[in-house]
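Before anything else, here's the structure in question.
First chain written, first letter: the chains are A, B and C, and each begins at residue 1.
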Amino acid sequence: MENQVEIKTQRPRVTLRNLLPEWLWGFVRNPKAMLGTFILLSFVFIGLLAPDIAPLPERGGANRMVGRPHQAPDDEFWFGTTRQGQDVFKQVVHGTRTSLSVGFGAGTIIIILCIIVGITSGYMGGLVDELLSLLMNVFLVLPGLPLVIVISGWVDQPGPYTIGLVLAVTSWAYGARVLRSQTLVIRNSEFVAAARVAGEPSWRIVLFEILPNMISLVVSSWIGAVVFVILTEATLSFLGLGNPNAVSWGTSLYWAQNNQALLTRAWWTFVPPGLCIALVGFSLTLINYGIDEISNPRLRSGEGG
Amino acid sequence: MSSTPSQPGQPAESTTLLSVQDLQVEYRTRRGAVKAVDHVSFDVSKNEVFGLAGESGCGKSTAAHAIIRILKPPAYITGGKVMFMGHDVRQMNDMELRRFRWRHVAIVFQSAMNALNPVLSVGNQIKDVLRAHTNMKPDETHERALELLRVVGIDTKRLGSYPHQLSGGMRQRAVIAIALALNPEMVIMDEPTTALDVVVQKQILQEIRQLKDEFGFSILFITHDLSLLVEFSDRIGIMYAGELVETAPSQEIFNSPRHPYTHRLMNSFPTIWGARQELLGIPGSPPDLITPPSGCRFHPRCELALADGTCKQVRPMLIDVSSKHRAACHLVEQQLAVQKETVP
Amino acid sequence: MRFLVRRFLFYLVAAYVAITLNFFLPRLMVGDPVQVMFSKFQGRMDPRAVESLKETFGFVDAPVHEQYFTYLKHLVKGDLGISLTNFPVPVSEVISGSLEWTLRLVGIATIFAFSIGMILGTIAAWRRGKFVDTLILPIASILAAFPYFWIAMLALYYLAHIQGWFPIGHGYNLRLKEDWGDRAYVSSVIEHGMLPMLTVVITALGGWMLGMRNNMINVLAEDYITLAQAKGLSDRRVMLVYAARNAILPSLTGFAMSLGFVIGGALIVEIVFAYPGMGFTLLNSVNGRDYPLMQGIFLMITLSVLAANFFADVIYVLLDPRAR
């Protein structure tokens, strides 16, 4: 027959695109997400390899006096020294560990709280939802930073990790509310109704039907929480509310401010740690913009018109 | 209304109001250009109701939006002419276009809930048109707005109401009132009743008909509901995959559709006059318009496709079946050829 | 109206939670709160005055719920105790001295940041891919990801220390007396307020701008925008009355959280600039272990935030007929 259907036996080409799931392919192709990931991974490596990049003396660690006060950057001290003669480069490198681990640690606690409260509230509905929603809204409207400042006043010089914990306990409301509304949407969808009719237990529905369908929202809330914790922990340390002997970017900035670095124009004591906080915050925000654009293509900038 | 399918009243005057020639619209997507409207031509005369029908995604709404140039990126008009009362709409500059829209052609959208601004009162949304196009004083626009509400059958007390305070039917009437504000020569109705329940739908269609007779505007009526169209319009164009495949007076479409797709379409809807035949539906789904099928775009779904491969290879042209009836199908072409031979 | 009443009741609940937090926080901490809180007062006040100060915070020899009511009773009377760092000035007086500085700074900065953010967001969405969308938007959103205090430090360092365009810190020239009738004082207040204000506006702008842009983009896809354009309305009217007015509503709903960030940011900026507002006073109270003042400030900030939120709700109702 002439009209026989041609069956094309194309050999499937092995490309990156075929190997990755679609969302990850979208992520890899998004320039914002990739730039963010690159910056973030650089910092993760710096944090992991800190002892090799900047070996510490056995006594005194990164806070040990190793040079003259307020030395400008040179071959020996790449980022100069503080008023106490500490090596700014060493402080910044080792501060990376603190900031990232507090950020990701507390950020993870926050997102877990968000998931628990948000999904419970959205899925259970009724009185439970009313009460939890009220709680979320109250915590949302109470000014967060002053509350945390007051709490750290009571705790008296908490270390970075304690600050992270305080932040985790006080900052779950926003994410919880976002996840709650998404849960409501999914709960009313047909496949959940079907699962219910089929008699699946609630915990299975939540774990296998609802959670997988809001994974991108969970991830972006998680990243948002990490940024928030990193910035706020740095802020509190900067204010001198934390332990002044800790090695963290915020603490470096606290000492720079306290030692009149602005007045003496010792810019190298406050530019590098601040820039690191800014870069990490920026990279995570970029990743989140990327995720936003992948899940809502309309938002991309510079298209159409 | 009587039970006969269509009542085209007087035969439409032959003066052409709108003439669409070879209209082409593309959606520029990341995957490539989608030819949403491909060389579509049709005319609408004064006082005529012309219906465009087809499955969703066939390009009928896109074509209508292109006529008054309200397409949004990534949709672009890439070719053809749109002549309205002798003026080329594609050549108009922003000023001319603004004056042309609504004074001459107004549009009624599918979902009235989304077509009305939720934060402005209905009255203000009517007055907006009057303020933009006329020099009316505030009390005059007020009077005119009240009059328009009366015309479409909304209680004039509703002038200050907001869209969310109105029922679906009332919202649709309000949208029609806005469309009639400047007595346009033509109203494009893009699935105006699809979101309404059947009873309200019939009411509103009847009212549209009366308004049309009273004010004498033409209607370009777009719907996927062919049975409704047969009842409502004077002439019908059938679109498939971005192409116009058949045009004819409603009666003829109803009684003797020539294109296999129209045939299928007629049979895939329950008619208001009871099931004429068993409902057949159309096997397969509309094609991907980035890489449309070669030849006749309907051939992969067409059970009558010619075995010699003509349908697959050659693109059929719209040809005259009779003076008012045109179809684009090789089968029809062959039949006509046979007729010519046998009746010299 | 019902909407506003409901919101008002909600803010009452929120205020109540804040008040209760203030009561329980010291009691949750390890150690003896009375000891921690009042040890510094010992010897400076006569014992009877210390006793009455303790009573203000409910530290009476009674079960917790009675302590709680004692605390509430004093609060209702407006008695916030006595400040230690400003001994023997009452907390309420210290607060009223610094509140006006913060209200001015945050109030004006918020109005500026919000309106500029809304305008730029509108333009960015309206003219996709043009100047505002491709240049200003990324810069603003990068700035939003930066730590507030660091931007404040850089601004202070570069614009005040290096360039000398602005005075270095403080709310006014300290050689002048606080006197609003004195023109030199007024202009010095303005001069000193410029840079802190600018910093708060710049850091707060990005979030609102980005939010507005994204809302606008969603609204612009609505049928009523297409219809408005088809109606032949002017671009200005479509952009402002049809698009922006709808797109602004979610920003007002999310005002609570954004305001929280602005307040936090402003407090920090105050500290960097040694600006005599609530943030600066709060930090001093924490560093000076001035617990009565610390608690009083937290309460005042919270109440101000709640009031500002209620104000946003009123505007929301004015803009959205569906909420009426």
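The definition used in the following text is that contacts are C-beta pairs under 8 Å (C-beta built on N, C-alpha and C of every residue); 3 or more make two chains touch, one makes a residue touch a chain.
Since the model is a prediction, treat every value here as computed from it, not as a measurement.
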Study note, to complete from the structure: With centres defined as the mean of Cα atoms, the chain at greatest distance from chain C is chain B
Check your understanding: For this structure, which two chains have more C-beta pairs in contact than any other pair?
Key -> A-C
Review point. Which whole number of Å gives the spacing of the CA centres of chain B and chain C?
Key: 55
Check your understanding: Between chain A and chain C, what is the separation of their C-alpha centroids in Å?
Key -> 24
Check your understanding: When the centre of a chain is set as the mean of its C-alpha atoms, what distance in Å lies between chain A and chain B?
Key -> 52
Review point. Chain C: which residues touch two or more other chains?
Key: 221
Exercise for review: Please set out, as single numbers or ranges, the residues of chain B touching at least two other chains.
Suggested key: 72
Practice item. Enumerate the residues of chain A that touch no fewer than two other chains. Key: 304-305
Revision key, fill the gap. Chain C contacts chain B in the complex at 221-224, 226-234, 237, 241-242, 245-246, 249, 319-322
Check your understanding: Once bound in the complex, which stretches of chain B touch chain C?
Key -> 65, 68, 70, 72, 98-103, 106-107, 109-111, 114-121, 128-129, 132-133, 162, 164, 175, 178
Point to revise | Touch list for chain C against partner chain A, complex | key: 10-11, 13-14, 17-18, 21, 25-26, 29, 124, 127-130, 133-134, 137-138, 141-142, 144-150, 153-154, 156-157, 161-162, 214, 217-218, 221, 256-257, 260, 263-264, 267-268, 271-272, 282-283, 285-287, 289, 291, 294-295, 297-298, 301-302, 305-306, 309
Point to revise | Touching residues (chain side chain A, partner chain C) in the complex | key: 134, 137-138, 140-147, 149-155, 174, 227, 231, 234-235, 238-241, 253, 257, 262-263, 265, 267, 270-271, 274, 277-278, 281-282, 284-285, 289, 298-299, 301-305
